[in-house]
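Okay, got some structures for you below.
Across the two complexes that follow, subunit A remains constant while its partner is subunit B and subsequently subunit C.
So, the complex of A and B:
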C-alpha cells in the first residue's frame, strides 16, 4: 500500500533524469502504472476496514479508508487523463512538466492518505510547490501579478490553517485522526470556533467560496491548459476532502453549528454570483472558471449540512465536477490551441469544420448540465433535495443553478460551434483527445446509471457526526 | 583533548603552514581541525576548563559544537574560491575563522559571565578583520570600521550589564547568579537594568531590531565568503547564549522581559521582511532576511526547555549558505540582484539548491525551514499566542520576499549560459540540499 504514495514520487524523480525526447511517454506510462497499481489495490481492499501503513516518518502516519481511496483513484485517473489529453501539445515535451505533475500527484495522494493532521498540512503545502512552478514556467503571467496574488491568497489560507493545526494539537495533545475524532472539542467553546475558522479560511480560499474567489478566474485564464486542469479537477478537491474527512467530524458540535449557515450562505452566493457572471463572460476559460465557482458552491453548501447521505452525494458530485472540469477546460484548450483565441465573439461555426469536436463538446456540455443518466443529475438532484429539506429558501436559491447553468453553457456552446463561420481551418480532434472525451463520458454515464457503487463505497468510512 | 583546543591548534598550525603559500594545505589543515573538533565534541562530551581559578565548565552541548563546526566547514569550503585569491593570506583567513569559532564555542552556552565575555570578544574581533579583507573596496573598509565601532560599543554595553549584574548578585557564575536572583534580587533595579543591558548586547550581536542597523551595511561590504561565516555562526552562537542566559538564569524575571522580547520579535520580523522587499542588493537582502530570522530565533526564549531552536538555526544556516554560495558562483563578489535573473538555469545543481533553499526559508514543507519554524512556534504558541499569530502574518511577507528572488532566479533566459561550479562549491550545495530535504526523516 505504501507504494501508492511512493510510486508518483519515484516516477517524478525518474522523469528529471530521463531525456526530454521520451518524456511524454514517461509521463503517460508512469501515470498509467500508478493508476493500474491503485486499481489492483482496490480489488483486494476491504472498504469496511481502514488500512494503516507508514513510511518510516516519526510524526506522520498514513491510512487508507474508502473515502481516501476514492480520492486517490480520482487523482490517479485525472493525472493520467491530463497526460493523455495534452499528448500532442508542446507542454508535455518538457520534462519539468512531467516531473512536477507527478510530484503534484505525490502531494495529493499524501493529503488523501495522511492519518495525522500535521501530515495533512505538510502535504497540503507540498502541493503548492509544483503548482507554483507549473504556473510560473508554462503560464502566460505578465508581470507575475496574478501569480503572486494566487500565492498571497493560498499562503494566507495555509498560515491560518497552520495556526489552527498548532492550536488543535496543543489543546487536544493528539494529532492522529482517530484520536482527534475522540477528543471532545465542545468544551473549548469559542476557541473551537476560532480553530475551525482557520481551517475554513484555508478551504474557502482553495474551493473557492464567494468572497475569496478573486484569484480564480485570473489564474485559470493565465495558466496553461494542463495547469488549469490540475487546479480545477484536483486542487480544489483537496479542500472539499479536508472538509469531509477532517473538519466536519472533528469540529462537529458547537463550532460546526456556528459556521454551518455562514458557509452555506457563502456557497449560495457563489452559486448565483458565479452563474450570473459566467453568463456575461466573453472569454471561454473565464466562463468555465465562474461555472466552476457556481458548481463548487453547491457542493460546499451540501457538505456543510453535515449529514452522511448528503455527503455521499457530494462525493459523487465532486467526482462529477472533476469530469466536467477536465472536459470543459480541455475543450477550451483545444479551441485556444487551434485558433489562438478564446474570445466568444471571435469564434463561431466550428461545428461545420470540426464535427467530431462539436459532437464531443456537446456531450460534455450536457454532462455539465446534469441531464438524466449522467452523474451530475443524481448528484445535483440529491444535493438540492437536501438543501430544500434544510430550508426551503436555500433549496430555491440553489436550484437556480439548473437554469442559469443551462444559460451560460448553451450560450458558450452556441457561440463557439454555431453561427456564422469566422474561421477557415480547424484541425479536428487528435486520437488522444477523443479518447479522453470518451473516457470522461463513459465515466459520467456509468456513475449516472449506478451511483450507488460510489456512494456506498464512500459511505463505509463516513463517521456519524457528533450531535 | 577538547574541541576548542583542537580547533585553536589547527588554526596555529594553519598559520605556520601558510608560510609555504600553499592554499590547499591551509584548507586541509582547517578542515582537519574542524572535523577533529567536531569529533572531539561528539565523543568527549562537555568541555571542562583547565583554568582552575574559575573552576568553570563550558556546558556547550556536543550537538551545538558539532553544528558550529559543521556550519563553519561549509562556510570555509563555500568561500574557498575567494580566500585562495590571496595565497599569501589564505591561511591567515582560515586561522582567523578558526579562532573566531573557538570564541563561538566558548560563548554559545556559558557558565560564567567572564568566560562568556571573553568568548564573545574572541568571536567578534577576527570578524572585524575578516569584514575588511576586500582591500580594494571602500564599502568593505567602511563596513569593517562600522562593524568594529558598533561592535565595540555593544560589547561595552554588554560589559556594563554584566558589571551591574555582578553588583546586584556578587558573582559571575551563572548558577550563583540564578540562585541569588531567585530569592528576590531580580526585583532590584540594578539586576533589572543589568539584564536589559545584556539583552541589548545580545540583540546587537544577533542583529535584531532595534540594534540591527549595522547589519545591511556590514553584510554588503563584506565579501560573499565572509558573509557565509558571519551570517550563520555568529547568529547561532549568539542565539544559544541568549537562550541560556535568559531562559535559564533570568527565568525568575520572565514576565519582566518577555514582553520586551515579544516586541523585538515582532519588530524584527516585520521590519526585516518589509525592508527586504525593495532591496536591489543581494547581500542587503540576506541581511534583512537575517534580521527577520533573528526575530524568529528569539521565539525560543518563550519556553524554558527549548531544544527546538536547533532545527531552525540549522535550516536557516544551510539555506543561507546555499544562497550565498550560489551568489558567489554567479560571479566573484557579485552583489546585484539583477544578476540573479536566470541563475537557476546556469547549472542544474544551482537550480535545485536555490529552489530548496528559498522554499526552506519561506517555510514551505517539507523543507527543513518549515519544520524549524513549526517546532519553534509550536513550543512558543501556548506562552505567546498573539506574538505567534503576528509572526505567522510576518512570515507571509517573508515568503514573498523569497518567492520574488525565486521568480527572478527561475526566469528562463533566452540564451542559456552554463557556468562551471568548482568542486568544493558543488559539495557545499549538495550537503545543503540534502540537509534541507532530509529534515523530513529526522523529525
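So, the complex of A and C:
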C-alpha cells in the first residue's frame, strides 16, 4: 500500500531526469501505472477495515479507508486523464509539467491518506508548490496581479489552517485521526469555534465559497488548460475531503453547530450567485468557473449538514463534478487551442465543421445539466432533498440551480457550436480527446445507473458525528 | 410470456434501437435505420397489447435498487395497471405510426439516423415516465423526455434561415420545462418527507390508513405537482414554449408536442389522484388555470397563419380542456380526451407534415389553397381530423369533448358557458385552417404549384390509420344513452384497474339534459362548419395581411404579446441582474477590494518595498521558504516531545 504514495513521487523524480523528448509518454505511462496499481489494490481492499501503513517516518503515518481510497482513485484517474487530454498540446512536451503534475499527485494522495493532522497539513502545503509553478511557468498571466491574488488568498488560508493545526495539537496533545476523533473539543468552548474557523477559512478559499471566490475565475482563465483541470477537478476537492474526513467529525458539537448554518448560507449564496453571473459571461472558461462556484456551493452546503446519508451523495456529486469539470474545461481548451479565443461572441457554427466535437461537448453539457442516467441526476436530487428537509426555504432556493443551470449551459453550448460562423477551419477531435470524453461519459453513466457502488463503499468509513 | 419479462422487453426494445442507431446508424442504409427504429416501437406495441389482454389488477415489477438513502430505498420498479398499459398503448401505437411516417418525411435529411436515435430515446423515456411504479422513476422519464424534446426541437440547428430560431426555441422549451421540473422536485421532497417513500401505492395506502396526513401538506404537494404539470403540459403560465416548439420537424410535433409528452402533466395528475382528492383547493386552481388556458390559446389560434402554429395553440387549448376535467375530479374523462386527442391531433399534425412536405417546406397558409385536388388523401384525412376536433357528431372528439362539457354543466354552469365559447372558437380556427389550406385557389405561385405532390405510402398509411381511429375512437367510451351495455367501457376499464380511481366523480346527467347537450354541441359545430364554408372556401378568400387586421385580430396574431411581456418581466431583469452582479459587485467591489486589501498589506510594511521587484518567483521563493521553515520547525518540535 505504501507504493500508492511513493509511486507518483518516484515517477515525478524520474520525469525530472528523463529528457523532454519522451516526457509526454513518461507522463502518460507513469500515471497509468499508478492508476492500475491503485485499482489492483482496490481488488484486495476491505472497505470495512482501515489499513494502516507508514513510510518509515515516525511523525507522519498513513491510513487507507474507503473514503480516502475513493479520493485516491479519483486523483489517479484524473491525473491520467489530464495527461491523456493534453496529449497533443505543447505543454506535455515540457518535462517540468510532467514532473510537477506527478508531484501534485503525490501531494494529493498524501492528503487523502494522512493519518495525522500534521501530515494532512504538510501535504496540503506541498500541493501548492507544483500548482504555483505550473501557473507561473505555463500560465498566461500578463498581469501579475491575478497570480498574486491567488498567492495571497492561498497563503492566507494556509496560515489560518496552520494556526488551527498547531492549536489543535497543543490543546489536545494529539495528532492522529483516531485520537482527535476521541478528544472532546466541546470543552474548549469558543476556542474550538476559532480552531474550526481557521480550517474553514482555508477550505472556503480553496473550494471556493462566496465571497472568497474572486481568485477563481481569473486564475482559471489565465492558467493553461491542464492547470485549470488540476485546480477544478482535484485541488478544490481537497477542501471538501478535509471537511468530510477531518473537520466535521473532530469539531462535531459546539463548534460545528456554530458554523453549520453560516457556511450553508454561503454555499447557498454561491449556488445562485455563481449561476446568475454565469448567465452573462462571454468567456467560456469564466463561465465554467462560475458554474463551478454554483455546483460546489451545493456540495459544500450538503456536507455541512453533517449527516452521513447526505455526505454519501455529496461524494457522488464530488466525483461527478470532477467529471464535469474535466470535460467542460477540456472543451473550452479545445476551442481555445484551435481558434485562439474563448469569447462567445466570436464563436459559433463549430458544430458544422467539427461534428465529433459537437457531439461530445453536447454529451458533457447534458452531464453537467444532471440529466437522467448520469451521476449528477442522483447526486443533485438527494443533495437538494437533504437541504430541503433541513430547511425548506434553503432547499427551494437551491433548486433554482436546476433552472439557471439550463440557462447558462445551453447558452454556452449553443453560442459556441450553433449559428452563423466566420470560422473556416476547426480540427475535429484528436483520438486522445475522444478517449477522454468517452471515459468521462462512461463514468458518469455508470455512476448514474449504480450510484450505490460508490455511496455504499464510501459509507463504510463515514463516522457518525457526535451530537 | 411472463408479464414482467414482457414489460422489460417493452422498455428494452426502444433502448436497443437507440443504442444501435446511435452507434452504427450512420453506416447503415436508411431503410434499415428507419425500419429498425419503427419495428422496435411496433413490437413494443404488440407486447403492450398482450399486457392489455392479460391485465389483472396491479402488478409491480421490481428490477433493482437504485439507492439506499437514509432508510429510504429508491427502486427501479415498474407498475402494470390499466393506466400505465393504456398510456403505453398510446405511446407505442401512435409512436410506431409516426416512426413510419418519419421514414418518408425525413428521407432526404442528412441527420436521418440521428433523428431516429432521438425518437427511440424519447419513446424509452416516455415509457419510463408512464410505467414507473414510483415518482422517482417517473421523474427519470420526465427529465428524459425534456432532454429528447430539446434535441428534437433544435434538430435543424444548422438550417441557414431558421437555425438560430430553432435552437432558441429548443432552449426556451428546455428552460421552461425545467421551471416545472423544479416544482416536481420540491413536490417529491415533500412526499419523501411525509411518507418516506415515493411508491404510488404505498403513498396511497398510507393516506387511506392515516387520514390525518391530509391538510396543508397535501395542498403544497399537489400545488408543486401541478406546477410541474403546467410545464410539461403547456398550461398558463408556462405554455409559451409549446408554439415555439413547432420549430422541430413535424413528426416530432405530432408525437411529442401533441400526442404524448405534453399529456405527461395529465398523466401525473391522474396518477396522483389520491393526493389531489385530498386537496380541493388545488383542484379549484387546476380548473381555473385549465379554463383560462383553453380560452386564451383558442383565441390565439384564431389568427395564426402558420399551419403548425394553429395546431400548436389548438393543442394548448385542448390540454386546457383536459385540465378542466381534472379540476372536476373526472380523471377518466380527461384521459378519454387524452386518447382521442392523441388520435386526431397526431392525424392533423402528420397531415400538416404531408402538406409541408408536398409544398416543399412552405408552412404559411396564405400561400396555400386548393390543395384538395393536389393531395387527395391528405385532404380527406385532414378533413376527418378537423371534424373530429371541431366536435362534428359521432366522430371521436365529439364524444370526449361532450363528456367534459357535461361535467362542467353539472358542477358549474358558468364554466360550461365559457367552455362553449372556447369550443366554438376551436371549430372556427380549425375550419378556417382547413378551408384556407385545401379550398379556394392556390396562392403559392405557378412554379410551386407544379411541384406540389401527394406524399408516398409510408406517409399516407399512418395518416389513414389515424383517420380511422379519429372516426371510431369515440366507441371506446360511448355515452350511456346510446348503448347501455357497452357504454362507458373506458371509464370502467380505467377505474377498475387503476389505484385510487373510481367513477363516482364523473357526473352522469339525466337523459334529457344529455341529449340536449349533444344537440346543442352539434348545432354549434355544424353551424361553424357552414359559416366557415361561406367565408373561407370561396375562391380567392385569403387571410388578411398584417396591416388590415382589426384590433382583436392583431391581438390574436401577436399572441396577446405574452412573449414580450415575459421578456420584459423575467428575461431582461435576469440578464440585467447578471450583468450588474458580475461587473459591479463581483469585479468592482469584491475583486478590487481584495486587490486594495492586498496592496495595503504589502505597502504598509516598509521592508517589503525592496522585495517588490515585480518578480513572482521571488514571492514564490519566500512563500515556499516560509512554509518549509514552519513545517520543519513543528516536525522537529513534536518529534522532540515524543
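Keep this in mind: the second predicted complex is superposed on the first by the 467 of 467 C-alpha atoms of A that agree within 3 Å, B and C clash if a C-alpha of one lies under 4 Å from a C-alpha of the other, contacts with A are read in each partner's own complex, and residues count from 1 in each chain.
Convention: a residue touches a chain if its C-beta (ideal position, glycine included) is under 8 Å from a C-beta of that chain, and two chains touch if they have at least 3 such contacts.
All figures in this text were calculated on a predicted structure; none of them were measured in a lab.
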Partner chain in contact with A:384 - subunit B first, subunit C second, else both or neither: second
Subunit A residues touched - subunit C or subunit B, whichever exceeds: C
Touching partner for A:136 - first (subunit B), second (subunit C), both, neither: both
Which superposed partner A:101 touches (first subunit B, second subunit C, both, neither): neither
Contacts of A:219 with subunit B and subunit C, given as first, second, both or neither: neither
First, second, both or neither for A:322, with subunit B first and subunit C second: neither
Subunit B versus subunit C as contact partner of A:56, first or second or both or neither: first
Which superposed partner A:122 touches (first subunit B, second subunit C, both, neither): both
Partner chain(s) touched by A:166 [first = subunit B, second = subunit C, both, neither]: both
Which of subunit B and subunit C A:152 touches, first, second, both or neither: both
Overlapping contact positions on subunit A, where the subunit C interface meets the subunit B interface: 58-59, 121-122, 125, 128-129, 132-133, 136, 144, 147-148, 151-152, 155, 162, 166, 169
Touch list for subunit A against partner subunit C, complex: 58-59, 118, 121-122, 125, 128-129, 132-133, 136, 141, 144-145, 147-149, 151-153, 155, 158, 162, 166, 169, 175, 211, 214-215, 218, 273, 276-281, 307, 309-310, 312-313, 351-352, 366, 371-373, 377-378, 381-382, 384-385, 388-389, 395-396, 399-400, 402-403, 406-407, 410-411, 414, 418-420, 450-452, 455-456
Subunit A partner contacts - residues on subunit C that touch it in the complex: 65-70, 125, 136, 139-141, 143-144, 147, 150, 154, 157-158, 163-164, 167-168, 171, 174-175, 178-179, 181-182, 185-186, 188-190, 192-193, 574-575, 577-579, 581-582, 586, 590-591, 594-595, 598, 601, 614, 616-617, 619-620, 623-624, 627, 630-631, 634-635, 638-639, 642
Subunit B residues within the subunit A interface of the complex: 355, 359, 364-366, 370, 374, 377-378, 381-382, 388-389, 392-393, 395-396, 399-400, 403, 407, 410, 412, 440-441, 443
Touching residues on subunit A, where the partner in the complex is subunit B: 56-59, 121-123, 125-126, 128-129, 132-133, 136-137, 144, 147-148, 151-152, 155-156, 159, 162-163, 166-167, 169-170
